[in-house]
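Order of writing sets the labels: A, B, C, D and E. Residues in every chain begin at 1.
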Amino acid sequence: MQTAQAEPATDPVLAVNNIEVIYDHVVLVLKGVSLAVPRGGIVALLGANGAGKTTTLKAVSNLLHAERGEVTKGSILFEGERVDRSSPNDLVRRGCIQVMEGRHCFGHLTIEENLLTGAFTRRDGRAAIRADLEKVYAYFPRLRERRKSMAGYTSGGEQQMCAVGRALMSRPKMILLDEPSMGLAPQIVEEIFEIVRDLNAKEGVSFLLAEQNTNMALKYATYGYILETGRVVMDGDAAMLRTNEDVKEFYLGVTEGERKSFREVKSYKRRKRWLT
Amino acid sequence: MLYRETGQFKTTYAADMAVFPLRQDRIGLAVILAAALTLPFVAGEYMLSAVMIPLLIFALATIGLNLLVGYTGLLSLGTAGFMGVGAYACYKLTTFFPDVNIVVWILVSGFFSAGVGALFGLPSLRIKGFYLAVATLAAQFFLQWCFTRIPWLYNNNISGAIEVPGRTLFGEFVTGPNASAEMRYLVVLAVVALLTWIASNLVHGRIGRSWMAVRDMDIAAELIGIRLLPTKLLAFAVSSFYCGVAGALMVFLWYGSAEPEVFSINQSFLILFMVIIGGLGSLIGSFFGAALIYVLPIALKAVPPLFGLSIAAATVEHMTFMIVGALIIGFLIAEPHGLARLWQTGKQKLRTWPFPY
Amino acid sequence: MTILYAIFVDPFVQMAGAPDLLVQALWDGLVSGVLYALIALGFVLIFKASGVFNFAQGIMVVFAALTLVGLHEKGVPAFLALALTVAVMFVLAVGVERVVLRPLVNQPDIILFIATFGLTYFLIGFGELIFGGNPKAMITDQLFLPRGVVDVPMLGGMVSFQKIDIAAAIIASLMVAGLAVFFQNTRIGRALRAVADSHKAALSVGISLNQIWVIVWFAAGLVALAAGIMWGARSEVSFALEIIALKALPVLVLGGLTSVPGAIIGGLIIGVGEKLGEFYWGPLVGGGIESWLAYFIALAVLLVRPQGLFGEKIIERI
Amino acid sequence: AEDSNFVPLFTYRTGPFSGSGIPIANGMRDYLEMLNQRDGGIGGAKIAIEECETGYDTKKGLECYEAVKGKNPVMINPWSTGITLPLIPKAKVDKIPVLSMAYGLSASALGDTFPWVFNPPNTYWDGLSMIIRYIGEQEGGLDKLKGKKLGYIYLDAGFGKEPIPMFEQFAKDLGFELKLYPVAATDMQNQSSQWLGVRRDRPDYMVMYGWGALNPTAIKEAVRINYPMAKFISIWWPSEDDAKSAGDGAKGFKELNWHGVGTDFPVIKDIQKLVVDKGLSQVAKDKVGEVLYNRGVYNSMLIAEAIRNAQKLTGKKAVTGEDVRRGLETIDLTPARLKELGMEGFTDPLKLTCSDHNGHGATFMQEWNGEKYVKVSGPLKPMTDKVEPLVQSAAKDYAEKNTGWPKRTEVCDKAS
Amino acid sequence: MNGPGPNETAMRKAEPRAERADGAPSAPPGRSTGEVLLAVENVSLRFGGVKAISDVSFDIRKGEVRAIIGPNGAGKTSMLNVINGFYHPQDGRITFKGETRSKMRPSVAAAQGIARTFQNVALFKGMTTLDNIMTGRALKMRRGFFWQLWRHGPAMAEEVEHRKFVEEIIDFLDIEAVRKVPVGKLPYGLQKRVELGRALAMEPELLLLDEPMAGMNLEEKEDMCRFILDVNNEFGTTVALIEHDMGVVMDLSDRVVVLEYGRKIADGTPDEVKRDQKVIDAYLGVAH
């Protein structure tokens, strides 16, 4: 299988070069991950639980420090500049924001206040922020209904929408989306991906998308990386990945062209690993 | 690779559930215990009276508070008050029944503070976090007020203080001025070792697990069927028991006499430091924490003379304050999970040594 | 029976018998309430804005007052000393952020709580090293703070109001009003609350924790300075003042850890409650109940409202 | 070394009580330092001075004790009742005498029961009886106290509570009414309820046993409620600073004292010349001669006298704690001796004996005139008939409660 | 592990289900003809002005897999919270095993045999996998405080006995490798699995699963489905399941109840529900 250095995108917004990440000074989680997100691209990061997707995203957004993790090797470039030593708010200011896995809304703020904090780094005036707020409400009407409730009391899905909406409020150039579809109703999942496509097409926002819902992810992404235990084991165009036999079997659940029922899965499949 | 577990297979669950499943750890423990037992024969009186005895007593109180804060997640600032209950209970008991061995009373006095602790633990069902911490200050100040205000508690002594009478064990004085440092040390060591062992039993079993469950997520614990109130109250009671015994030991085998001021809020804070610096939810950390917080200032005082510097005592004290403060912050930054975690990480490194990970 | 009478009847008879004393007790309670609130306010600021329970607030009060008086003792004119003290508090805020908070971002509350203990120790040592442990008199006159008493005859007696107490009440109200507005709808105010909720999430939306922390610690430092001046004028500027800061804790939880108005209301309730308690009921048990009464008042309120009177509701959802 | 006597000084220049601790520490230290400078120590042996910082904290005090215990200290000055109490039983076992000068356990005045503990020149009970005597003088006779009201404001700890039984006894005997105003240690700076009580009760006199921040706050509060300062009388601990910070209103405030204030004594001059001016002291020059500074000097003078006596008794230069205990028991500060010491007019003669470890000497009342304390009374003698039985019964009580309290076996020396 | 499922005899005395006895493929829908295990009648729940649940009734039959679906914020989680006593509904009644009540304490619900997993993983973060699952046995352990002081002897024997049971669950869920790892450090998917293990350790009669498969990839979902089916088949545990993955819901469940804005809008077999226009409008979007 080929590795990531293969063909660096011509003008990557984000380039991750061979990074290693260690937690707590002892746990080595990423063992040399490289990837690139082209300007205006939607790149999917796929992989099993614990492969290191979240860690990769956090390394980019500089949130690792807050979890006692650190990038020990390699470099991260956002729009051609090293960002692996800067701070999260600097990155947001430059236009790269992360939607964290597992919602992380501000429980004691109302939904609307949550959304407004997303606009913290913006300086373009109240009216513009107001307009974007309306846009988010248009994307997620459910949020408008609950805008006065404290986020801590809202349902899981509502919080997820809030987290995504909050990121949109910063008018980013690039969004790191960690499992955006988790816990959302099917309708909303599709909506979220439509929003991704929409923003990408209309406003040229780039996306790096860690997602378990491989089907969806590959449908919308242009390029994909597959991560296994801290290494990129495969990457390629989304279309190519969609047709790859291994990917099909392990991530898409289609063997011989048929989706099989969950009831039919008889014995436990033992994982075939690309490496090991 | 001196420290590794390879080659040590556990063939029974019981063996796997042992507190020290690794042979190296067991050997280490044996060595420490042996060293602790031989200490009286090699160390001077200062070492025993001013370092080891206080350290062990603080470690015991720290374990007590750790059971509450570290294992059950209930923040309490009433520790010194509960220690006081133990001390005063022991004093009253030995006044009423002077013939019963004092060590028995020291242990029994723990039950009194357990009761008081459980009483003041009642609000913990509703009140959480820092709110609870402040609520426990009610216990702290109220108890201290009682110690000052109820003459019966200190036998109407004109000094308003407890005066520890001389009591013997196996014909040797263990309390009072005639008790030798060695004897007091050995008794303290025995009590602390016994109670540490019991604490270890508790936290490794069902009760410890339900405490930790309440700490980590009380709602989920409740939905699993753990009843919050009894669990929290038990934690308060057991914790206060330990503090009470520590308080009794403190007055009877260390101070020899005590004013209510001894059980002031500062003592509560001090023990909370020890818990945090040592490591929340770690018994061994309790010893580390007590050692660091208690011994560090003493050690710092000894530093300037070592280099022949004569710095005014007050300046040394100021510097000590600054250094201790800075070190507390430093340790927290280096390892927020306390010395115990540092110790773990160290062992982890040893395990993989000579490879970095 | 006599006991019941002593508890439930006699105090009220006394109140009715000497209404001027009752008014005086209420006023004294209000004043100490305001002064507690000034200390509590510093706690609230920092807690609300970062979730850190700043134990060092008490010592910051001492430290600020000591710096002011200490500088003046060294010959610096009063108002210049005041300005310099403000600068020192700013440096302190920056230092705390750099050395303590930044490396401990996203750690559990209790860790940060203990770190502020470390800070307390450090400041005690540092303050004593520089200014010595000698108590000092507050430079009230030089700061043009009013001195003296306004005696108002009323209710067949006389109630005396200290001018400095009146000044304290005014200053405290101004500060509270200002801070409440600040927290309500401003962009920074919202960000402060967001940080208190979750460091991680706040980081992820680009809120600069560093900047926020410097702001609130500086604000808390200013509040501490105000509290230090007022308390210092009441007794003296010494490290013993640190003890009084403990009294801010029940005030704090009673009002709710996160509420600016709560700090004031809590202060007033505790102040008045403990004064009346000590004055009318204290003698029944030999007095001195003021040392714990405040905590029991707070405890009683918490049992009904676990988040304090105005605190943010504790979210329990699963 | 061979020819030196080790004198540990337990001091507290830090912590909430440092305001009182610092001048005392300076006074104690400077006097001994002066002896070293002027006389090369005592009897040809240098004094090895070592301060141990207690922060007024029992725990640290005990740590200090353990630290100096092995170094053959001649005596311990705990300077905290909390530290004194645990040391009392240890003194005999470790053979280190305890000098708790006008504090500590009042009962330890009884040398027969407490051969190792000394608390000259007065106990707190003496102090109270002298205050009562003074009030009696003001009123024109103790019998005039009948029907009067006396208020007692005190630190709610052993020290402040000790006089209460005696006070109550006086109230009964003399027919006055006693009002108690306890101040908790945590509320020292917040006494408005107590003083509100004073306003309500309108006592004719206020008596204060306070310490640390309690004193200045109380004086300020008294000024605030317009309490007549001339009737506000304290035990011997308030300092100049305590009164000064209350401004002009504090004029007339009174306290007991048994030694001079100011620098007009040869001994203080010597200290200024040989120690302070040479930069060997930590004291600020204008603080020399203040009440608590001079008290520290007095305390050290007792230490020095005891060492000197011990040297005379034993013929040794370097003496032990055991010797110094004997030295303390033979302290006899005659007017002539005081003059030799440069303390003429500084304090009254004092004589300790084997059974009397206190002296129960006379004191005087001093008044704050807005700038300094001035003596306003003749000598005030304690009412021995009231104090003595209390001391006796307290000592008996102490010995009984501490089962196995040793009988005195130490032989008694004659004053040399 | 080669065969599916754990050692039956140890885990539960219940008879294996008839259909499974001969090893035939699992039975089609319609198994759920058994008696009603839990009935929810006219339950309403409000939070201030928010109506989380309004007048909902449905039942769960013994042995079935019952799915609860609906858009975000429809009140699904709240429903589970009502069932196991964490929320107290303002109106309505709940009958479990023939006992009717209007509200209940969570620990009582647990004692009666209701276990659950949570939407936002609610594990005990500071504890290891093993300890987490062992807490699930809390209700079954009998040795009191004084036995625990002396851990050896009877308390240890009891501990070992339960440890055996827990090890079987660990084996069953295939999480041996992380037995001694603090769960806070586990990846999300494994945490969900541990949470299931903890619920199973309670040997529940009714297992409530709140989005057990959220955030999992296909393979893991398959594993999870297998676990759920096995639990249901082998031990006859009744399962109530909230899930947004329609594939899973349709394949696994016997009957589905659909909520929207706190109201029930449909109830029936997966096929019926799938075709229901109201459900398509409210939830599915396009027909699946």
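Just so we're on the same page, contacts are C-beta pairs under 8 Å (C-beta built on N, C-alpha and C of every residue); 3 or more make two chains touch, one makes a residue touch a chain.
As the structure is a computational prediction, the values presented were derived from the model and not from experiment.
Novice: Would you pick out the chains that touch chain C and also touch chain D?
Specialist: Touching chain C as well as chain D, we find B.
Novice: Moving only to chains each one touches, count the minimum steps from chain B until you reach chain D.
Specialist: When the steps are counted carefully, the minimum from chain B to chain D is 1.
Novice: Sort out for me whether A-B or B-E is joined by the greater number of C-beta contact pairs.
Specialist: B-E
Novice: At what distance in angstrom does the C-alpha mean of chain C lie from that of chain A?
Specialist: 45
Novice: I'd like to verify one number: the distance from the centre of chain C to the centre of chain E, where each centre is the average of its C-alpha atoms, in whole angstrom.
Specialist: Whole-Å distance between the two chain centres: 49.
Novice: How many angstrom lie between the centres of chain B and chain C, each centre taken as the mean Cα position?
Specialist: 32
Novice: How many angstrom lie between the CA centroids of chain A and chain E, rounded to a whole number?
Specialist: About 29 Å separates the centre of chain A from that of chain E.
Novice: For chain D, give me the residues that contact two or more of the other chains.
Specialist: Residues 13-14, 156, 184-186 of chain D each touch two or more of the other chains.
Novice: So which stretches of chain B touch two or more other chains?
Specialist: 141, 145, 148-149, 219-220, 223, 265, 314, 317-318, 321
Novice: Please output the residue numbers of chain C that touch at least 2 other chains, ranges allowed.
Specialist: 124, 128, 133, 246, 286, 288, 291, 318
Novice: Applying the document's contact rule, which stretches of chain C touch chain B when the two form their complex?
Specialist: Contact set of chain C toward chain B: 53, 99-100, 103-104, 107-111, 113-115, 117-126, 128-129, 133, 246, 249-250, 252-253, 257, 285-286, 288-289, 291-292, 295-296, 298-299, 302-303, 306-308, 314, 316, 318.
Novice: What residues of chain B sit close enough to touch chain D in their complex?
Specialist: The contact residues of chain B facing chain D are 44-46, 49-50, 54, 95, 98, 141, 145, 148-149, 155, 157-161, 163-166, 176-178, 254-262, 264-266, 298, 312-314, 316-318, 321.
Novice: Which residues of chain D touch chain C once you look at their complex with the stated criterion?
Specialist: 13-19, 21-22, 156, 180-190, 192-194, 196-197, 199-200, 212-213, 216-217, 220, 224-226, 241, 244-245, 247
Novice: Could you please specify the touching residues of chain C with respect to chain D in the complex?
Specialist: For this pair, the touching residues of chain C are 18, 21, 24-25, 28, 31-32, 124, 128, 132-135, 137-138, 147, 149, 160, 162, 231, 234-236, 238-244, 246-247, 274-275, 278-279, 282-283, 286-288, 290-291.
Novice: In the complex, go through chain A and note every residue touching chain E.
Specialist: Interface residues on the chain A side: 27, 46-51, 101-103, 142, 146, 149, 153-158, 160-161, 179, 182-190, 212, 214, 250-253, 259, 261-263, 265-269, 271.
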